[in-house]
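There are structures below to look over.
Both of the next two complexes hold subunit A, though its partner changes from subunit B to subunit C.
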Partner chain A sequence: MGKKERISVKICVGTACFVQGGADLLLYNEFLDPVVLGGCDIEGVSCLGGCKDPNAKDRPPYVQIDGVIHGDMTQEKLCKLLSEAVHA
Partner chain B sequence: MNDIFIDVDYAQIYKHGQKIGGDVFLLSRNPENDQIVCTLSDGLGSGVKANVLASLTARMAHKLSFSPMDLTHSARIIMNTLPVCKERKISYATFTIADIRHEEGEEVKVNLVEYDNPSALVFRGANSYLWQPERIDLEREGAFKQEVLGHSQLKLSIGSRLVIFSDGVTQAGMGKALPLGWRLEGVRSFAQAQIEANPDISSHDLAQAIVCRAHSLDRLSAKDDITCMVVYVRKPRRTLVVTGPPFTVEHDQDLVDKISRFEGKKIVSGGTTAQIVSRLLAKPLKVDMSCWSPQVPPCSTMEGIDLVTEGMLTLSKVAIALEQKKPVRSLPNDAVRKFIQVMQESDQVHFIVGTKINEAHQDPNIPVEIGIRRTLIGRLRKALEDNYLKETSQEYI
Partner chain C sequence: MLELNNQYTVMKRQVHAEVLKAFFAGTLEQEVDALPIKIIPKARISNRCCIYKERAMVRYRIMALMGINIETEDDELRSLSSYVREVMEEDKPVAPILTTISTACSSCPPDRYLISEACRGCFARPCLANCPKDCITFTNGQAHIDESRCIRCGKCKEVCPFHAVVHIPVPCEEACPVNAVRKNEEGYVEIDYQKCISCGRCAMSCPFGAIVERSGVMPVVKMLKAGQHVTALIAPAIEGQFPGTLAQIKQALLATGFSSVMEVSQGAETTSLHEAHELSERKAEGKGYMTTSCCPAYMELVDKHLPFLAERRSSALSPMGYAALEAKKAHPETKTVFIGPCLAKRVEAVRLKTIDGVLTFSELASLFIAKGVDVREMEMADLGVTDSFEDCREFALSGGVASCVLSRYAKADEVVVLPVNGIDKKMFRTMKIWDKRQPEANLIEVMCCDGGCINGPGVVVKPSVALKLRGGNKAAAPVKAMRAIVGARE
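And then the complex of A and B:
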């Protein structure tokens, strides 16, 4: 069994994301399962640009997981997405 | 903006057991003619009575020094006005007035008037400068003793300091550690050693060091009010704050060129602005996840920039903290605290305000505290000028 790739997670900390729930996501050390946490490289990013896209279907806060941007992020949704990604 | 900065600050410890000081320090700046007047007065006795005498004296001396009136006449008016002490049947308060003017070049003129306070000290670098003040006998009617004013006209160049203190400093330790107290020579050599050890020591730190030393000589139970003020003439410490992307993309390079050319500390406030700077300077931007609070997004790091923060939220919190004069130590470890620390360590702050509208901030779900950038910068400048006596300037891009 080869070594599993770590999941790259980028949390947007831009103004629009931060005030609309992004601040809660920065508490990831508290709400994420340690096993999931261990399999991810989490970092902040100053803006993912999602809030400026007039055609965006979803709303801030945005998180990028392995290159894919997800909107309307909540702690629960992030837990679910990351545990799926880590345990896949 | 000036190429010279006059750093004035003071430190004070009240007489042991007193909740109000008998030494009063006043400072005013008149930006129209680059004039600073600082006054230190020591009232007879201690507590409320001394405070009334000293406040009256300091306030009068202060106001009169802004008028073209002859200083001996001013001194007579002050002494005639002071209320008489019930126990001692005399009215008495000492004072020192330093009228500091920066006219041209790299020198500052000081008009120093001293009455019965310990002599002021002047240091050029760490070297003590000695001079003989002109003595003016007031010969006032009804005076209970001979009243002699000391008048000196001094020139302070960059790197010079003027140290003024009350007799609580020179008499510290009297009868305890030192039979005759610390005395002028003791203060002089202590201040000299402090400047030698730290040639850039700020007025605040030097005044604090002298006052703390005097307090410790008094075995932490001050026998009189201990007050020290320091005037330090130096090159200004400059800071550049860049916030908001330029109105058009073509100006992005101009903005980055301005940042690169600036000599001093640099703050970039705004995610998009930081990304523009990072792209054009080819320096990676890294978010520091250890430095944030629930109200303020994390700051970032970038080579060549001293502080990178989020924009509007951080700036509005900085404006509130500066307006309310919140002490830095009471703030959480976030971008606002770091921003305010840099502001407090600067003398001149230049703002470059980008005028591009951020589409993302037009969302009605965004809290109202995200205001208009220009209004916010206006509030910041006012708070910096009024509450912290900083010089500020601004340009739009």
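And then the complex of A and C:
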């Protein structure tokens, strides 16, 4: 198996995301599988703008994974998305 | 207690943000009756029986946000806009802090023990042997509890090797330390305000959101909008509640329209000094133990349930009380708004008369969203000289108050400290015994919420997140920088 690119994960910590559950995502060290954690570069970032899109179908909190923005993020959803991305 | 991150919290914050947005846009009166429909659109998959009930709940939550007592205002035909007009004209009385939404209440059946399918009908049958009321019978190889004889002692649950016995509580009744929450004859929740100590545990525990606080946000936003000089008194627990440093939170408050910001930790220093002095006096006179007096729910508990503790309480004002005096001294015309995690502080505010408004962190978060203020994008405001009271930021944590008092006490090693970390039913029973048997301590630090104020009913994030973001501003820095610091340390 060749060396894979690390996955870039940006957790939005704008006020709206942080308040609506995004804060819990910052505990990623506790809820992510260490293998998944090792394959990702996770950081908290300023507002990704998801909450300001009037046509958005999903709601805060938002997380950007390799450039794609995902809404309605929860710890479980993030676990699933990241382990899929890492093991792909 | 309900996990903080849940759909009800999300809904509540959304309602609050929408109402405040409309308020600052000056369109609240016109828009308010349409808000329930905007928040619960047709396409939404309902968590309750239907979207119409959910909309009705949103209507009640808007009423609670406006400080209206839902128990007495039950005219369902009355429009929200007429309430808005009323609230704009004059502020609603503060007490009681909590109110119930009887239609939201699920009328949970009385608490009971149930033996689940996990029962293997084992040979030893410890449940049968240990039940004091002989109410366990075996049919088809599984144990059953005879409801009419069960006294809910929980022995069977303790002894079952398969964990097959479940306790199904009534969350609000279980959470209330003083048995002030009960079901009325129709089975709906009712609060006995003669007993209630405004700790907010019931509101935090109801999964149906049937117990709500009557918010104090409207009087505050009215002050802000009118351009009055408003001083934000920020509780020590605020650090860690928002994605930024304390200095950024201060700047965010200024950007939201507060004229000045004062840390309540500053008042906590005066409280600590006063309590340290009082403690030494009491010790010298052999007067026995002293309790802290900064937790307002504890103050209510003593006034309503444990009168013998009244003389044991420190005579110090709470940090909020001292901070308000400071603020009024600095700007005599200022309006003081306490911003904290606490509901009972509003009861204290009414008593003190130096506090003009109280917000919870959760309400402040909605205010930030409504005003488009992003804490993380803020510059660092100047916090001023904080050296003398920096340690008092620990007032927000269990153990923090006592340690601040002791560090201002000459012979700290002679003092025995007993921390009361959260008042639940059991702790309340223990405290009752103190009347007969004095606790072996000199200083008793009482916090009604488990873990301290950072676990109060008005917080934004759960304590584990708050603790990560608190302290020395390192962790509150952007996560990337935080990792660089951790990496450097390793």
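The rule we apply is simple: the second predicted complex is superposed on the first by the 87 of 88 C-alpha atoms of A that agree within 3 Å, B and C clash if a C-alpha of one lies under 4 Å from a C-alpha of the other, contacts with A are read in each partner's own complex, and residues count from 1 in each chain.
As a working rule, a residue touches a chain if its C-beta (ideal position, glycine included) is under 8 Å from a C-beta of that chain, and two chains touch if they have at least 3 such contacts.
Just so you know, these numbers come straight off a predicted model, no measurement behind them.
Using the contact criterion defined above for the overlaid structures, shared-chain residue A:71 touches neither subunit B nor subunit C, since it reaches no partner. In the superposed model, A:44 lies in contact with both subunit B and subunit C.
When the two complexes are overlaid on their common chain A, residue A:15 makes contact with subunit B and with subunit C alike. With both structures placed on the common chain, the touch criterion links A:26 to subunit B and to subunit C.
Looking at subunit A, you'll find residues 13-16, 18-20, 23, 26, 42-47 touch subunit B in one structure and subunit C in the other.
Taken together, the subunit A residues at the contact with subunit C in this complex read 11, 13-16, 18-21, 23-24, 26-27, 30, 42-47. Listing the residues of subunit B that touch subunit A in their complex gives 271-272, 274-275, 285-289, 292, 294-295, 297-298, 300, 308, 310-313, 358-361, 363, 365-367, 370. Of all the residues in subunit A, the ones that touch subunit B in their complex are 13-16, 18-20, 22-23, 26, 42-47, 51-52, 54, 59-60. In the complex of the two chains, the subunit C residues touching subunit A come out as 5, 10, 13-14, 17, 242-243, 362, 365-366, 368-369, 373-377, 460-462, 464-465, 468-469, 478-480, 483.
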